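Next up: some structures, all given as structure tokens.
You will see chain A twice below: alongside chain B first, and alongside chain C after that.
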Partner chain A sequence: MTDTSASILSPAVARGTPVLDVQNLRVRFGRGPQVVDGISFELTAGECLGIVGESGSGKSVTARSLIGLAGTGAHVETDHLRLGERSLVGLRPATWRGIRGRKIGFILQDALSSLDPLRPVGREIADALRLHTRLSPAARGVRVQELLTAVGMPEPHLRARQRSGELSGGLRQRALIASAIALNPPVLIADEPTTALDATVQAQVLELLAQLTASGTGLLLISHDLAVVKQLADRVAVMRAGRIVETGSTAEILEAPQHDYTRSLIAAVPTGRPRGERLSVSSSPVLPATTGALGTQTRPHEPPVAPEQHPVLDAQRLTKVFRTPDRSLMRAVDDVSLTLHPGRTLGLVGESGSGKTTVARLLLALETPDHGTVTLHGEPWSPLPESARRHRRRQMGAIYQDPSASFDPRLTVEQILTDAAGNGSGGTRQHRTRVAELLDSVGLASRTRDSRPAHLSGGQRQRVAIARALAPRPGIIICDEPVSALDVTVQAQVLDLLNDLQQEFGISYLFISHDLGVVGHMSDSLLVMRGGRIVERGDTEAVFRSPAHEYTSRLLAAAPRL
Partner chain B sequence: MKSKLRPGEIVAIATLALLAVAAIAPGLLSTLDPLGIDPGQAFRPPSAGHWFGTDESGRDIYTRVIHGARASLIIGVVATVIGIGLALLLGVAAGIGGRGTDFALTRVSEVLFALPGLLLALVFIAIAGPGIATSTIAVGLATAPGYARIIRSQVRAIRGAPYVEAAIVLGRAPGHRLTRTILPNAIAPVFVLATLGVGQAIVWASSLSYLGLGAVPPAAEWGAMLAAGRTYIGTAWWMTVFPGIAIVLAAGAATALGRSLQNRTRQVNR
Partner chain C sequence: MLRWLGLRIAGGVFVLWAVATLIFFALRLIPGDPAQAILGGPGSQASPEALAQVRLDYGLDQPLAAQYFGALGRLLRGDLGTSYALKTDVGALILDQFWGTLVLTLAALAAAWIFALGLALWTTRGGWLSDRVGSGMEIMAAAVPHFWLASVFIIVFSSWLGWLPAISVPGPIGLVLPVLTLAIPLAGFLGQVMRESLADALESPFALSARARGESETGVRWYHGIRHAALPGISLSGWAFGALLSGAVVVETVFARPGLGRTLLNAVTIRDIPVVTGVALVSALAFILVTVVTDLVDRIADPRLGTS
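Up next, the complex of A and B:
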């Protein structure tokens, strides 16, 4: 950081002074139960406090209550809520407006929806200055440039005039951070600031937040992922069902967790965990497994089929070119070859826009390659007309990133599974047994059969998606970002489930993810994709031990680990 | 749709139920003959004997309004069914067809859109000749382009939805995908619009009869009764007011019901 940016970023509070003090915060909506049930914490200048917990634990409501935006119908009570010297109890909306932005900055997960899509980001950042300072328009422009430089935005002059939709995810998040720190607030609240970002971008944003705390800002970092919180936090509070179940220094929490829930959060982080080790603490519904230390279960991973057998799926030199809206050509997939062996998992890792999903669609024959061929079980697949392919489609299943959009909204779980299982053959009773079997193998209670997927939780919904993929008894399942929409703890359960199903049915997976940690845990061998090309391939352990390509090393370095 | 009925909805449903009774069994509501002439009783104002008065030939207006419900409701419903049937053919063809088909069908429906609906109906009657059957078909034809456009965009949107792709991955043939996945999802909003459309079709059918292009005068039909009463509007207001109220009630009730259905499905979808 340069001297100028350091002075821009440092708020006028000495390190170690308490900046935020919350005692016995309670929030409930209407007559409902307490969503936040008496939590207390303190934040000093230059300190980062991490709040960790899964969706629904009340961490976001906590954050929003601190800036007076808990939502309509929320009853917020507290014994004591102080921002620096000032009490925030019972403020009127007008007073809150003076505090938000000036005294507390707020960074949300989804920068795309937090920024006005129709206004240049520079104007958006200048807004905070216009409302809270007496700077002249020209001075505001200078300050916006300083802020954008300070958050590491390349070409700030150019970017300030672009709209949020024209910026990439990482730059957008930087713009949002710039607007949050525009007025040097002594306290910054970041609610899942990197969850939607690729690993290398996440690393950059975390680095930026670290610089802010180093210059004296008190940071409240909220995340479901302990590995992310660990990068920044001095202290960690573990939250569950509206209460803080455990709190302590980051090292204490990670090395000597006292609470079972904290242990399950630590166990759920897949990065650097060998293949076959269980991530979720709950016992598997499919297979009995031996229980290891700390409640995690281990089972040696043995591929059920010898790898020298014929490949189930083989793609040679696939190329797919798309025409972009401005009429130029883009090679989404460029000379990609891959081979999937029976009962094995092939991992495909790459950041957004690298062409991973296009590869999946080419393999599923939802797109036709411009060059190259796909062979399924030794017979041609991609060159065939759809009518010749149709009867073999049931050999290959798919699990998508967004399960809710992949279900017909009219159908119940039972109807979805019946439809996927049968070609109309078999009686009603046979169908009912098959549905029961499928629900059982993905660990869903049989009462979910009458629900619609829209009414299920994210984890349950992804289980239904897995059951649907299993229904035609395929030998291959293409998993395209199957866990990236899930919390770490739920992700752990789904990953364990996929591994169990592979052991039981000998299914081959192509496992696609932007998360190197997840892919590393799941795969026997690994492909690293960038800009439509495979830049590195090999045995997963070997790639992790000694990456050959510079990009793989960067991905490895960026992956948050415990 | 579990929420309670609102008062307005109850009124709309009660009105439509009353009209349905009048259409199915008019004898329950009036024992007189809608076509029975009694010149001695001509132009009587509303009284205990003749609630809505009598017309120029001494026919009981109340009885004629009751009997007119059948013609109006049948025309309204049949015309809407014709309109939606046609729209389904056009809309689905444009929705699933290639670029050329879609372009051609969309341009055709845009040309039809350029003409006011009633004018389109008049053109058809000018070719096919007046009468109840032709005016019903005419109203159906005139409403089809509007429905077709909605069905087309629904089908287009759903065709690319991830759940349709999931059906391809499961090895479903195009016909199966169309009938089991795309159509049921595309049609739901059209049903709601159809309820709204019935009200409009009733008004249009009455308009055609008023112009002498639908039901022919002695027949008990609201539009035709309006036309007959127009000559005497200065002396016998009841001849036009009561059939007019009947049209407003029928169309209003159908529209109100359609609107509340629309709101309810929207809430369910959220």
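Up next, the complex of A and C:
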């Protein structure tokens, strides 16, 4: 960090002084249960406290309660809540507004929706200055440039005039951080600041937050992912169901976790974990009976079918060119060849925009390649007229990132599965048996059959999506970012489930993800994609041990691990 | 942007041609002799010689195709023909009446915007009750027909209270009731879409970010909410202008206000074909212009439209 940015970013509080002190915070909505059930913590200047827990544990409500924005109908009670020497209990709205942004900065997840899509990011940053300073508009503009420079934004004068939708994920997250630190608040709350970002971008954003704590800001870092929190936090509080179940220094938590839940969070991180090792703790009541109680022990991964057999799916020199809105041509997929062997998993890793999803769509024959061919079980598959292909579509399934968008919201789980299994409209005993079988194999309770996807949790929904993909008994499943929208603990369960199903049914997976840690844990062999091209391929272990391409090394370095 | 504007203008010219063609042939399908209409209708008992003379004068004896291209050629020169009944130039007649209608519709559009935005801002301020009340008011307003609203206004404000004239008089005072009559149903429509997108914007993560920055509720509305609320309203305004033009026919008649709408109604009644054609063409032109302008404003208000 340069000298100028250091002076811009450092709040006027000496390191080690308490900046935030929360005693027995309790929050509930209306007459509902306590969402936050008596939590206490302290934050000092220059310190990073990580709060870790899965969705619904009350992390975000805690964060919002600290700035008096818990939401409509929230009842917030504390024994005390202090910002430095000052109590934050029972403040008038105008007083709260003077604290938000000036004393406590707040960074939300996903800057695309957390910055107004209609306004230039520079205006959003200048707003904080307009609200809390008497700077003239011109002086605000100068300060915005300084802030953007300080958060490492290239060409700040240009970027300030762009809207969040025109910036890449990393740049707009920087802009959001700049708007939160515009007034040098002594406390910064970051709620999942890197979720939805690619690993390399995530590493850059975490580095920026580390600079802020180094210059004396007290940082409250909230995440579902222990591997992310570990990078920054001096201390970690593990939160579950509205309570802090364990707290301690980061090293203590990671090396000697006392609580089962903390252990399951640690076990769930896939990076650097060999193929076949289980990530989820199998005491979970929804696990299928077929997997048995394996715990976290290592199970050697043996492909049920010998790899010498003919490939199930073979793509040769696929190319797909799209016309962008400004009428130039973009080679989304450029000369990509890949081979999927029976019962094996081929990993495809790359950052957003690298062309991974287009590859998936070409393999599923949802797009026609401009060049190249796809062969399924030794027979031509694409390009081919759809009529010649439709009867074989059942041989290939697909699982996507956002299952809720891929379900008809009016259908029940049973209807979704019956529909996917094909042959007839359902209702017969045969259909009911098949639905029961499918639910059992993905570890869902049989009462789920009458639910609608909207009423299920994210993990349950993804299990339904997997059951739907399994329904026509395909030999191949294309998994496109199947766990990217899930918490690490739920991700661990879903990854274990996919591995169990492969063992049981000998399914071949093409596993696509931006997360090298996940792909590395899941795959037998690996493709690294960048800018539409495959830049590296090989056996997963070999690639991890000695990456040949510089880009792969960078991905490896950026993957959060424990 | 220029390319887009060029395409829009070319599209507009095509629509105008289509409207002219459609009207030309549709009016030929109406039973009755145009020459008879020119001489004052069937009741006038015109002599066969007079009819023949009129057919010759107006070119009605020529083949249909020749008449059509003749009419198109005159249109290109800006000549809308001569009124059968008034025997005056249709262009001048329309120009004379056009401003009254334009002022009426634009004022109604502006009033509808103010009502809709005000209602949206007010209802999202309060809780559940004001939201229900606002939504109910919008549905009622949108469902009310112009003629009924006009009659009620005349009874209440002219007959009972005597505040405002029932017959339109020159000046702003005469404009109040006609504008309100047109604006209220439109405000109901606009209000529904604006309130919904305003509520969405106020619930969105960027609004939370703004509040976390120290922005007040009024500030969140002013700097973030209004623009998001206005977007669907702007998109609808082109359509709304067209609806107002047709609404003007009723309103101008009820309030005995001179304007295009009333001119059109009279012309249809006495089958004054050049006037009907002229009013339809000018309305189409105005509608096309307003649509291009609203699309342009839409792009300025929502810069995302330009890039994707």
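Rule of thumb we're sticking to: the second predicted complex is superposed on the first by the 546 of 562 C-alpha atoms of A that agree within 3 Å, B and C clash if a C-alpha of one lies under 4 Å from a C-alpha of the other, contacts with A are read in each partner's own complex, and residues count from 1 in each chain.
We adopt the following convention: a contact is a pair of C-beta atoms (placed from the backbone, for glycine too) under 8 Å apart; a residue touches a chain by one contact, two chains touch by 3 or more.
Only a predicted model underlies this, so the values are computations on that prediction, with no experimental measurement involved.
Q: Is the arrangement of chain B and chain C around the shared chain A a clash or a fit after superposition?
A: After superposition on chain A, which the two structures share, chain B sits beside chain C with no clash.
Q: In the superposed model, does chain B or chain C contact more residues of chain A?
A: C
Q: Considering only the touch criterion stated at the top, classify A:504 as touching first (chain B), second (chain C), both, or neither.
A: It touches nothing on chain B or chain C.
Q: Of the two partner chains, chain B (first) and chain C (second), which one does A:100 touch, if any: first, second, both, or neither?
A: second
Q: Touching A:79, do we find chain B (first), chain C (second), both, or neither?
A: A:79: touches no partner chain.
Q: In the overlaid three-chain picture, which partner chain does A:410 touch, first (chain B) or second (chain C), both, or neither?
A: The first partner, chain B, only.
Q: What is the angle, as a multiple of 10 degrees, that the CA centres of chain B and chain C span when seen from the CA centre of chain A?
A: 30
Q: May I ask you to decide whether A:67 touches chain B, chain C, both, or neither, giving the answer as first, second, both or neither?
A: The second partner, chain C, only.
Q: Figure out whether A:163 sits in contact with chain B (first) or chain C (second), or with both, or with neither.
A: second
Q: Please work out whether A:397 is in contact with chain B alone, chain C alone, both, or neither, and reply first, second, both or neither.
A: first
Q: With the two structures placed on a shared chain A, what shortest C-alpha distance in Å links chain B and chain C?
A: 8
Q: Using the superposition described at the top, list the residues of chain A that contact chain B and also contact chain C.
A: none
Q: Mind pulling up the chain A residues that touch chain C in the complex?
A: Where chain A meets chain C, its residues are 64, 67, 69, 93-94, 97-102, 105-106, 108-110, 113-119, 124, 127-128, 131-132, 163, 165-166, 176, 179-180, 325.
Q: If we count contacts the way the header does, which residues on chain B are in touch with chain A in the complex?
A: Touch list, chain B to chain A: 161-163, 165-173, 180-181, 184-185, 269.
Q: Quick one: in the complex, what on chain C touches chain A?
A: The contact residues of chain C facing chain A are 204-206, 208-216, 219, 223-224, 227-228, 301-304, 307-308.
Q: Would you mind writing out the residues of chain A in touch with chain B in their complex?
A: Touching chain B from chain A are residues 364, 366, 390-394, 396-398, 400, 402, 405-410, 419-420, 468, 472.
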